[in-house]
């Protein structure tokens, strides 16, 4: 059983890789299988790991206010019946309101305030030149980067110059992040190659 | 279309082919690369060296198969190290798949000749307590009572019956915690809910993508040491004197990085060469 | 009398003996144990503070006589005390998180030596209580209020007809071009609203941008297709496109099959969309919303089939890949500004100006705060805690 | 009714959740978690809509014998394979040793991991094409990427081992990641915070109402 499994897994791996050469029936098969089983996988997982614990278990435990979730969930399903399908917008409205309400404060704090707090740093660190330069770079970089995002002022003159500096910082950061990620992306491929050449074919070690 | 122009509009499949070769071919060779052991890895190794034989080490594997290429070699090298040093291993997982990953790593390590000689026994030299749901809350509960948090081990034995677990009540009876993490819950949670309240000694291995977020905890001393990505794994193998998978993979890694850089350079060369021609 | 001299002799012996025996003597007890309701919380918690034992040198070390503190609790001052928990040496606070609201509790703190301990006097009673306002968040509240008011202010300004300048956003200028090109070529436009669900603001932004793009595709009669990775996103996109098409006066062109669901799975979805790209060869691809690792797989395939690609995300980690592989990329905040920008609705544009007020406040405090710290005048960072 | 009720729901729920952030008193302290749970429950219902849509689209393809209809059968097969086995196994469906886990490990996982690893190839092709010193911005991007890419592998050590300690590629990589990259990330994050504040507000005030509001 294990050996058959390894063969199937290896063939599916090759099927996906074949897409790199060009689209072909082998890839189409793997793609369709992938869509089917992954949709099924998440359907099952959602049922056992979301629906059951979050709704059924809470109701069984006597927290009947969770019925609200069931009601809005059922309203959502009414889309299957065109005549009363418009009721599903109530559920959408609840979802959108929840997201907007939660994100408003959450991001203001974690992405806004905490970042500003971390950027309020001394511009001169006694006896530590590299830290001093580093801190200056952080403050200037954050400052000019934010200038770039200003919408209501034309990027001209000094302001435009700062915005330009901001773009340079953004580009530097994009280049660095890109280079930084290469390592883990390569690791993934090495992992697959090791599977094909080692686990499957037994060519290496 | 001359050669340079062709080079500029290189069919990407040629690049793909080169990458495939650059990754696959080095896997067949064992090359002695100079891998510098960075201070963060050195610190972790030193902290482990300071543990007397018989010390109890808790290993929390918090990742799933998606991060196997980076973290599995770290798990293997760590287990190998512990067996060689006679450190006792207690495995848990905050991710459902963690203990499964541990088993597959153990399967490989226990079959290595050096380790076979030592003949480590389940229940005496290592135990796998499996997975418990609850994310960071599990860490908190372990702080007060480990056997209550993990009443049974992975194969269903009572935790209290395991010889190794005799006298292990909470973090006070654990000498070191090693965490392999690919996200949430992971190293951040171990620091906030383990190190801060219970003062456990914590070392960690992380995926390369996640590692930068962990650095602040190193600087503040909340974390003893960190293996970042495959390179960190390789450094640890070098530090312990047992180069293995990560070191081997590092050769592929190096060659492929160099290849990408090489492609970028010839791309730029072709770009400037054709531009000059057009300008002339 | 005999007993007394015994003790006397013993003490004498102790004083004259080596440090080994000294260790068995209990450390002096902690003092000034104060118990108070933990502020700003939902109740159930009492904060205990104390002055540490004079023998405590404050660090966890071999030579420290104090090995830690134990916290004890009772409902009566002279009653039976139960051990609540332990802290390390040097600690001076403990949070009792298992208190019942409204019950008076007394606390004692024990300094632990190696084999002995000494106890403090009991604290005065304290009761846990839930609070109505979390005062620690007052600056957050203030900032949120200022931001909200300035956004609303500029929205009203714009409503009353005041002209507001908004700078050009290149990626959004290109939307018209992309839709036009697709129409000319008779090829499809793919709109990919990210892989997250409606519990992400980025997805909501993506859906609103889709509304504006759909208006254009309705006008141009271009073919729009939206494969989604989430069921709720599918439903939202359908509603949005339907609305956009009927607003553009072309409800006849709307068809529910323009939007379809593939799979919730990150890479299952990616595999399917890649297949769609190479088979349908779209003229334009929009990648807007929350993306993870699949960003580059999608963008590279889109690039490969020669589509004009306009991407946008607020996932900092994915921006480099979009910048590398797409023609235009909306960076972070620009994603949230896009629907306002495309709609040209003065009210929405007003909100962008309101955002700039927020930026100004942040910039001001970054510069002034850093200068203050540098010259050791004042630490302003507490305002953002 | 059709237009006003959804707008009211959005506004009331959203503003209430913002205010509740500042109120620690029960029962409000749990309300944000509760609404998050509601979202998951609604999504768990909605997944029926998605899956039925997927099955319908593929059934249509088979029925109308559209191009590639045979592959639609594969989609159906895969879906029901997982669903039937998954419900058969019950709540412990993902425990090792179950059939579902076998399918996960031998079908789902390799497909998933391979699709993910394709990134390695695309990283290469994208960098080859995009990293050209066309202008100042592109040059900065290119140089930063080269430095960091080389600084992270032993290869970089060979290239720069002649330099004094502290100035080698690995050190430069660390410096770039610690300072300029952090700075730019912060600017982006702060911008995002403001963007989200503003667009949440627009949604809650009903200004941006492309969905959940139509006729």
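By letter and in written order, the chains are A, B, C and D; residue numbering begins at 1 in each of them.
The rule is simple: a residue touches a chain if its C-beta (ideal position, glycine included) is under 8 Å from a C-beta of that chain, and two chains touch if they have at least 3 such contacts.
Everything numeric in this text was worked out from a predicted model, so none of it was measured.
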item	value
Neighbouring chains shared between chain C and chain D, ordered by label	A, B
Maximum inter-chain contact count - chain pair	A-D
Farthest chain (mean CA position) relative to chain B	C
Centre-of-Cα separation between chain D and chain B, whole angstrom	24
Euclidean distance of C-alpha centroids - chain B vs chain C, Å	27
Centre-to-centre distance between chain C and chain A (centres being mean Cα positions), rounded to whole Å	14
Chain C residues counted as touching two or more neighbouring chains	140, 144, 147, 198-199, 201, 204, 232, 235-236, 239, 262-265, 267-268, 271, 316-317, 319, 321, 323-324, 331-334, 337, 352, 355, 358-359, 362
Residues of chain B touching at least two other chains	12, 16, 19-20, 23, 68, 208-209, 212, 229, 231, 253, 256-257, 260
Numbers and ranges of chain D residues touching at least 2 other chains	18, 21, 36, 39, 42-43, 46-51, 54, 94, 105, 109, 111-113, 115-116, 118-121, 123, 125, 127, 129, 131, 141-142, 145-146, 149, 152-153, 177, 185, 188-192, 194, 196-197, 199-201, 203, 211-214
Contact graph of the chains (line, ring, star, complete, other)	complete
Residues of chain C that touch chain A when the two form their complex	139-140, 143-144, 147, 164-167, 198-201, 204, 232, 235-236, 239, 262-265, 267-269, 271-272, 274-275, 278-279, 316-317, 319-321, 323-324, 331-334, 337, 352-353, 355-356, 358-359, 362-363, 365-367, 369-371, 373-374, 379-381, 384-385
Complex contact set, residues of chain D against chain B	94, 96, 105, 109, 112-113, 116, 120-121, 123-125, 127-129, 131-134, 142, 145-146, 149-150, 152-155, 157-158, 161, 170, 177
Residues of chain A defined as touching chain B within the complex	20-21, 180-184, 186-194, 197-198, 203-204
Residue numbers on chain B that touch chain D, as the complex places them	10, 12, 15-16, 18-20, 23, 33-36, 38, 65-66, 68, 96, 100, 208, 212, 229, 231, 250, 253-261, 263-264, 267-268, 271-272
Interface residues, chain D side, partner chain C - complex	18, 21-26, 29, 36, 39, 42-43, 46-51, 53-54, 57, 111-112, 115-116, 118-119, 122-123, 125-127, 129-131, 141, 185, 188-192, 194-203, 205, 207-208, 210-215
